Each structure stands twice: as C-alpha cells, then as structure tokens.
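After this come two complexes, each holding chain A, first together with chain B and then together with chain C.
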Partner chain A sequence: MTALARSATAHLWTGMLMVAVLLVWVALPWFLSRSAIDILVFTGIYTIAGLGVSFLLGQCGIVSLAQSGFYGIGAYATAYGTTVLGLPIPVCIVLGMLVSAVIAAAVGVPVLRLSGHFLALATLALAIIAHVLFLELEWITGGTLGIGGIPRISLFGFTFATPFRFYYLVWPSAFALLLAYSLLLRSRTGIALRAMRDAPAAAAVAGIPIASLKVRIFVLSAAVGAFAGSLFAHYVSFISVDSFAIDRAIGFLLIAVLGGVRSIPGTIAGALFVTAAPNYLSRLGDIHPLLFALALIVAVIFLPGGFGGFMANLGAKLSSGGRRPSAPAGG
Partner chain B sequence: MSALLEVREVSHRFGGLHVLKGVSFTVEAGSVTGLIGPNGAGKSTLFNIISGFLTPSVGRIVLLGEDATRLGIQHRSRMGLQRTFQTPQVFRDLTVRENLVAGCHRHGRTGVLEAFLGLPQVRREMRDAAIVADAAIERFDLGPYRDVPAGELPAGRQRMVELARAVVAEPKLLCLDEPSSGLSTAEVQILMQVLRRLNEEGMTILLVSHDMELMEITSKMHALCFGEIIASGSLDAMRASPRVREAYLGT
Partner chain C sequence: MTFTLLIQSILAGLTNGFVYGLIGLGIAVAFRGARIINAMQGDVALIGAVMAYSASVSFGLPMPVGFVIGVVAGGLTGFLVDRLMIRPTLKRRGSEDSLLLVTLGGAFAVSAAVLLYFGRDSYPIPGIGGNDIVDVFDASMRVHAIWLIVISLAVVAALRWFYAKTLVGQALLAASIDPEGALTLGINVGRMRALTFGLGGLVGGLAGVLVAPLINIQYEMGLLLTLKGFAAAILGGLSSPFGAIFGGVLLGLVESLAVVTISSGYKDVVSMTLLIAIMIVLPQGLFGRRGRLGG
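Right after this comes the complex of A and B.
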C-alpha cells in the first residue's frame, strides 16, 4: 500500500469512527434511565471544567486546584445575574467568564511564578479563599442557604429543563471546547507551550514569552471553568457553597490526571470516572468512599498516562501491527 | 563596519569567585568572531551575560547600538540575537520539524485566543513556519529525522537541530557555544561549511570553542583566560602569541 492510500484509508476509518460515535451519542439518552442521563450530563459539565485543568497541567506543568473557585464564580455570576439583576442568561454566562478571567489574570501573575509543590499549595489556597468568600459574601451568594430559582436555558423556545434535554446542550459545548483545545495544542502557540515545557531556556531564546503564556493559559482555563459552573447552575437551578468546596477542586484535578494530562479527549473518560464511580459505588453502602479511593489507586498504578494515554498507546500498537515505530537508521 | 555587539568592561562574580574581570570586545557586523580560552575561563558565563540569562555585576552589553544589559532574553531574541548552548538544548518531545516551527516563533503574531478559536491566520502562520522549517531540514540535512522526537537523535544531530532552530529565527547575531563538541570529524567539516555559508549570506557569528580547526572560519579572535582577554587578533596571530600558547595551548 502506498503512503497516500494508507493515509486515505486511515482518514476513512477515522471518519467512520466519528460517524459511529456521533450516532451512539445521539441515541444514548433514549436507552438510559433518568439517573444515568443525569450522570452523563454531569460528565459533560465536569469534562469542560476538567479540560482547563488538564491542559494547564499537561502542557504547562501547572497544577491547579483553583478551578473550583472559577467554577463557583461562573455559577454565582449566572445565578445572581439572572435571579437578582434579571439579566439575560447569555450575558450572565459571559459575565461570569469575564470576572473569572480578570481574577485569574490578577492572581496568575504572582502565583504562576511559583512551581512544583509551592504552586500547587498556592492554587489550593486560592480555592480555599474562594470557598470562604462564597460563604461570606452572603448578599451575592446567599451563603449556606444558596440561591434557588435559577432559570433554565432556552433556545428558540426550546427549554433545556430535563436531564434528557440538557444532555443535548452540554455535550455539544463540551465537544466544541475539546475541539478548541485541540486546535490550540496543534497551533504554533501549542508547540511553543510544549517547547517551554521541554527546555525553558531554549524556548526563551526562541522568543517564546514563557511567563505571559502561562498566565494566558491560566486565564483561559478559568474562563472555561466559569462556563462549566454557569451550565451547572442552570442545570440544577439551585446552588450553594457546598458545590464549590475543596473536594470539587480535587475532583477536577483527578479528572485531569485520570484522563491523562497529555490527552485532550481522555478528559471525557476522567470525568466519567469521577462522576459515575462514586455514584454506583455508593449503592454498595457506607464503604463507598474507600472503594472509590481504591479504584483511583488501581487506575493510577495501571494507567500512568491516564485513560487517554492508554488509548493512544493502544491506537499506536494497532496501527503499527504490534510493532513499535522505530527511528530511522543511520544515526 | 559597525559593531553589532559591544561588550564593555564586563565583570562578573559568583559569590567570591571572580569569573570575569573587565572584559571588553566588539563583534563587527558581518564578521565571524572567535572566543577561545581554557576550561573555566568564563566563556559560557560571558555568553549567558550577552544573551540575558545573567546580569553582569559590572559593565554593559550594547546590542545594535542599544544598551541591552538589563533587557530580557526574549527581548534580545526579538532584537535579532540567537544562541546555542554548550549542552545542546533541543525540545526533546517535539519532532525535529516542530523544533524548527518553535524556532520561528518570533515571526508569528497570533496568540492563545486566536488559536483557541481556530482563526484562519493561525493556520496561515503554521503553514509559513512549516515551509521555513522544511527548507531548514533540507539545508541541515535532517530529512530522515523530520518527524522523529529530537530527544531521540544522536548528539551530533541534536546540535544540528539546535543550530537550525537558531538559524530559522533569522538572527542578526548568532552566538554558538562549543558547536563542534561531540561532533565527528566529518560533521565538523559540514558545520564549518554551513557556518561559512551563513556568514556569506550576511549573518554575524560569535563562536566559542576549544577547537582551533573550527577557528579557521573566524576573521578575528579573542583569547579569554581567567576572566581576562589576554590576546586579540587573527588565528595566525593567536597561534604565534606566546601568552596564548602558554595559557591555552599548553606549550
């Protein structure tokens, strides 16, 4: 087979696979219970928030536990904006993203100078501060009582009121963001990010603005996290501080790690695990947190590259007929 | 001829260690200037000061007539300065081609948001960078390695990737730290040809090396010893200088 024919068949297979995935995706809610669809909706919301965390960690080496804060900002912006100020939903969503982005830019400049454990701790501190503020700024957030009556999203007279309907809103959003992050990774900016991860000194010589790129990716991640938070608020229509605590921050980081930080589509698998596993395990009684922790440990030990890394390896093995691709000879 | 780079009375200390002691020299536009010196003479430290990795304790770096002593690395890169490292610094996980695309970074304009939104100018810039990268791959004879992660290449080829990456940035001044170390004799010959060609095309080169053979391509040389310039002149003048012979050639 010539290289051209091979790449044409590869494209054909990818195309057919995409169509199959699309059909399964469209058909899925018709065959599932309401609670199963609910899990898939949360998987979609968490995929979006987790994407930001995953890209930051995998491409910039930035461990961020702050995502629950930005997720909360998105949720409260849309809750306050729609219920108190009476603003249109799209305006509130964009507002939440902007507020998150501005805050991320302001805190990102000092915090992202840190690295390793210090950086992780600093972002953890941000998540804690955010949680405390959500609790204290009662006139916006309603404190422990929360905010209820958040309106459902409607488009052209169609209201995304049920899990079944919301499924068809959240997943196209998630897919669009997966695509956007993939485009970013393949662009010259994505190459610059990977370059500064490999050899920061050489990247600086190449003129890559390392510090400012890190801040930009952090800001993007915060805006995406806020978007996920807004979707969450409109989906559940009642929010309180409990949804934006440290466990949520850890959950988002888990999604990134389990999904494989170098893999963008892997985030879906990570989000599915983090959403579905506790839910199904809880049916086994009180030991469910322990079982979840056990499942996590097993997943991390056996899949060091996360689900995404595992799939990529499998794909590479299949396409090379089991042989490892080798470097050219003569060197 | 005008000076592209002026090193003015540069001194540097690491704690109590006085590594550079009032070093001054200029690199004329269009020249190939050599810098030799025994181990620990301070050559790499001087390179770090010229390229912005270190700020000298005393003295100034004047690049293209502008005081660059306190400018950042990226700023100097944008002004037209490129350097390589004594231990080659390739982007290990990136393919050779991606390494060179990264080398073209300063020619591009688009940023995070444009890429995220998939705007057409992002694709256009990638295409332009890929064309430049592919031409450099031809020129530096890296064809067979085009899509191989640079970290998997043999040391000599990694040096070539690093050099190619600096060249695609189209620098006015190219600073090379020991570019021939780890290369085979044949590879050194190719390197010398490449550098001569680049110089003929108008690139100014500052070369640090132990390798006297490589110094044949220089038009002017300076000998650094214990942080001081002890002699300047042509290669022949260097070979004749008793001080250089004593300090450097060990005879």
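Right after this comes the complex of A and C.
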C-alpha cells in the first residue's frame, strides 16, 4: 500500500468513526432515563468549564483553582440580569462572560507573575474570595437564599426546558468549544504556548510575549467558565452560593487532571466521572468528596497524562507495535 | 472605636496570629527540611483536633492525654504523608506542581473524611484552664490563649535549638540544602525527609489541639488555616520558625483590625487578598533573601 492510500484509508476510518459518534450522540437521550440525561447535561456543562482549566494547566502550566469563581460570576450575571434587570438572555450570557473576562484580566496581570505553588495557592485564595463575596454581596446574589425563577433559554419559540431538550443545547456548545480549543492549539498561538511551557527562556528570546499571553489564556478560560455558569443557571433555574464553593473548584481541577491536561477530548471523560460518581454514590452519604480527593492524588501520582494521555499512549503503542510513543502534544 | 474595643481586637488578633504562626511554623519546617510546600498543614491540625476531641470527649480520657494523642496523631500523619504521597511522587519525578497538587488532594481528603465521620456540625473542645478569662485593660482574654502563645514561643525556641545544636538537626539541614553532598557524608536523605514531615506533623497536631478550643472543630477549617499559615510563613521568609510566628502575628493583627473597621463578613477576603499581595510583593519575606536558604 502506498503512503497516500494508507493516509486516505486512515481518513476514511476517522470519518466513519466521527459519523458513528455523532449518531450515538444524537440517539443517546432517546434510550436513557431522565436522570441519566440530567447527568449527561451536567457532564456537558462541566466539560465546558473544565476545558478552560485543562488548557491552562496543560498548555500554560498554570494550576487554576479559581474557575469556580468565574463559573459563579457567569451564573449570577445571567440570574441577576434576567430576573432583576429584565434583560434578554443572550445579553446576560455575554455580560457574564465580559464581567468574568474583565475581572480575570485585572486579577491575572498581578497574579500570573507568580509561578509554581505560589500561583496555585493564589488561585485557591481567589476562589475563597469569590465564594465569600457571593455570600456577602446579598443585593446581587441573594446570599444563602440564592436567586430563583431564572428563565429557560428559548430559541425560535423552542424552550430548552427539560434535560432531554437541554442536552441538544449544551453539547453542541461543548463540541464547538472543544473544536475551538483544538484549533487554538494548532495555531501559531498554540505553538507559542508550547514553547512558553517547555522552554520559557527560549520562548522569551524568540519574542513571545509570555506575560500577556498567559493573561490572555487566563481571560479566555474565565470567559468560558462564565459561559458554563450561565448555562448552569438557565438549566437549574435556581442558584445559591453552595454551588460555587471550594468543592466546585476541586471538581473542575479534577476534570482537568483526570481527563489529561494535554488531551482536549479527555476533558469529557473527566467531566463524566465528576458528574456521574457523586450521583451513583449519593446513597452512601457524603462519600464523593473523599473519592474526588483520593482520585486527584492517585491521578497526579500514577496517571500524569490522565485518561486522555493514557488512551493516546495506548493507541500509539498498539499502532507502532509496542515502540515507545513520543509524548502527545495535544489534540 | 473605643480604647477597650481596640485592645480587644488587638488581643484577638494576637491570639489568631499565633494560631496562623503555628500553622506557618509547620509549613516552614517542611519547607526548610524538604523544599516542599505542604498544603495539608491546616488539615494535619484538623486531624490533631479531631483525635484530641475523640479521645477526651467521646472516650472520656483526661484532657492532657487527649492533647498528647492529638499531637502524636499529627506527627504520624506527617510521616504517612511523606511515605504515601511525597515519596511516590518524587520517585516518578513529579514536578513542583505535582507535589502541591498531591498535598492539596491530601488536604481535601482529610476534610472529606472528617465530613463523613463528623458531619457538617462544629464541635467545641475544652481548653487549658477551661473558660477562665483574664482582664487586660477591661478587655478580656482566655487563659487558654495565653497558654497558646507561651507554648508557641517554646516550640520556636526548641526548634532553633534542634536545628542549631543537635546532630540530627544539622543533618536534616544538610540533606535539604545539598542532598547529594549530604548523601556522600552518609546522611540518609530519604529518612531525613520523613523525619522533616513527621516533625512538621507534630507541630501541625499541636496547632490543632491548641486552636480547637478557640474556634471549634469543623471539617472545612483546614484549608483556610493552611492558606493563612502559608501567608505567615512567607512573611517570615518561608523557612524560619521565628519568622513564621512573627508573620502570623502581623497577619492576625491586620486581619482583626480590618474586622473592626470594615465588617466581619469580609475577614477572609482581607486575609486572602493579603496572602496574594504578600506573594507578589514580598516573596522573600520581611527579612530578605537569607531566610529562604535555610541558613
């Protein structure tokens, strides 16, 4: 077989796989219970929020525990905008992303000068600050009482009111963002990011504006987190401060670490674990926080590439007949 | 602000400051001996407090025995953290980020385990001297808080002596400053790291049993203690025992003055903002670069 023919066959297989995945995705809700679809909707929401964390960690080497804060900003912006100000939903979603982005830029410029454990603990401090503010700024957030009656999203007269319907809203959004992040990774910026991560000194010499690039990716991640928060608010229609506590930040980080920070599709696997595990373990009481913490430890020590890295290594091993694969660059 | 209120808030800040200092002390011990930030330090204190509570309140043992059990449990936890988490991570050449994530995971695990075991309630524990109070210029201070300050200072003195005068203390410093050089001298670097974490754990357990009578035991208390202790340790230069206490007191005073002037709800916002500001502006601490090198 010539190289050309081989690559054509490979493309054909990839194409067929994509079509099969698409068909399964479309058909899935028709065969599942309402609660199972609910889990898949949350998986989609968490995939979106987790993508931002994963990209920051994998491509910029930034451990961010602040995502729960940006997620909360998105949720509160859309809740306050629709219920109090009476603004249209799309305006509120964009508003939440803008507020998040502006705050991320203002905070990111000083904080992203830090690195290593200083930076990770600084983002944890940010998450705590955000949580306290959500509790204290009662005139916006409703404090512990929260905000109820957040309207459902509707498009051309079709209201995404049930888990079944919302599934077809959240997943196209998640897929679009997955694709966007993949494209970003393959773009000049993606190359610059990898250079910055692997050889910061050389990257600086090559003229890559390290500080501003880090801030821009942080801002992007915050905006994506806010988008996920807005979707969450419109899906559950009631939000309170409990949804944006530190355990949410841990969950988002776990999605990134479990999914594999160098693997963009791996994020879905991480998000599925984080959503499904608490649901099936709930009859044992509050056991899932312990499971999450242990999963984080085990994944960091034994599975540094996450699910995604593990699958990529496995695939490369199989196709190259056991030859040691090179580290997956991403995608 | 009246004079009494000012004195009262200074006393509260002083007490809290020594608590943060004690946590920072444990972080400084681990950093001095192993160059690793232990993000579990506040949760080691939580373990100490929970064990002391279980021993004295649930099993009815005398309070001093409960205290000792709490401190020992802290030391044991520190030792296990090294064996079960730090060592496997280092073996696989984990980065600085991996080490921090692993200890953060440990912190979340401890907090989650306490949640599972104790639930969401908070538990009071009697202090040294019960609830007796001393009058200071019409403001009041608990006898226990005075004991906390005295014991903290004693621990700092003991650590100074340990690092400067004992062979083990010197070997421990050597192993952290130049691991390969220490190895050629026959120092078991791995054992020194285990010892360092055990020592940090003892300090953490002590912090736990001393802080619990003042703030009640609650499953979420560890993380904030860690972060405030970390701020204290950085202010003190990250590896100096005395510096950590000094940084803790400074942080405690600023925090409690902020509480009286702003609002108590924003207390943690103030301290977390201070932590971030300290990391950015004073990463070497107040005493300059020398402290971080452990000398």
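Basically, the second predicted complex is superposed on the first by the 298 of 331 C-alpha atoms of A that agree within 3 Å, B and C clash if a C-alpha of one lies under 4 Å from a C-alpha of the other, contacts with A are read in each partner's own complex, and residues count from 1 in each chain.
What we mean here is this: a contact is a pair of C-beta atoms (placed from the backbone, for glycine too) under 8 Å apart; a residue touches a chain by one contact, two chains touch by 3 or more.
Small disclaimer: the values here were computed from a predicted structure and weren't measured.
Asker: So, does A:Y280 touch the first partner chain B, the second partner chain C, both, or neither?
Answerer: In the superposition, A:Y280 contacts neither chain B nor chain C.
Asker: One more residue to check, A:G207. First (chain B), second (chain C), both or neither?
Answerer: So A:G207 only meets chain B here.
Asker: Is A:L124 touching anything from chain B or chain C once the two structures are fitted on A? First, second, both or neither.
Answerer: After superposing on A, A:L124 lies in contact with chain C but is clear of chain B.
Asker: With the two complexes superposed on chain A, say which partner A:F158 touches: chain B (first), chain C (second), both, or neither.
Answerer: It touches nothing on chain B or chain C.
Asker: Both chain B and chain C contact which residues of chain A?
Answerer: Residues common to the chain A contacts of chain C and of chain B do not exist here, since the sets are disjoint.
Asker: Note which residues of chain A are touching chain C in the complex, please.
Answerer: Touch list, chain A to chain C: 61, 63, 110-111, 113-114, 116-118, 120-122, 124-126, 128-129, 132-133, 135-136, 246, 250, 253, 257, 285-287, 289-290, 292-294, 296-297, 300-302, 304.
Asker: Tell me, which parts of chain A touch chain B in their complex?
Answerer: Checking each residue of chain A against chain B gives 179-181, 183-184, 186-192, 194-195, 197-199, 201-210, 213, 216-217, 220, 327-328, 330-331.
Asker: What residues on chain C touch chain A, complex-wise?
Answerer: Against chain A, chain C makes touches at 37, 39, 85, 88-89, 92, 94, 96-102, 104-109, 111-113, 115-116, 220, 223-224, 227, 230, 263, 265-266, 268-269, 272-273, 275-276, 279-280, 283.
Asker: Can you name the residues of chain B that touch chain A in the complex?
Answerer: Within the complex, chain B contacts chain A at residues 51, 53, 72-74, 77-78, 82-83, 85, 89-94, 98-99, 101-106, 108, 110-118, 122, 125-126, 129, 144-145, 148, 151-154, 157, 162, 165-166, 169.
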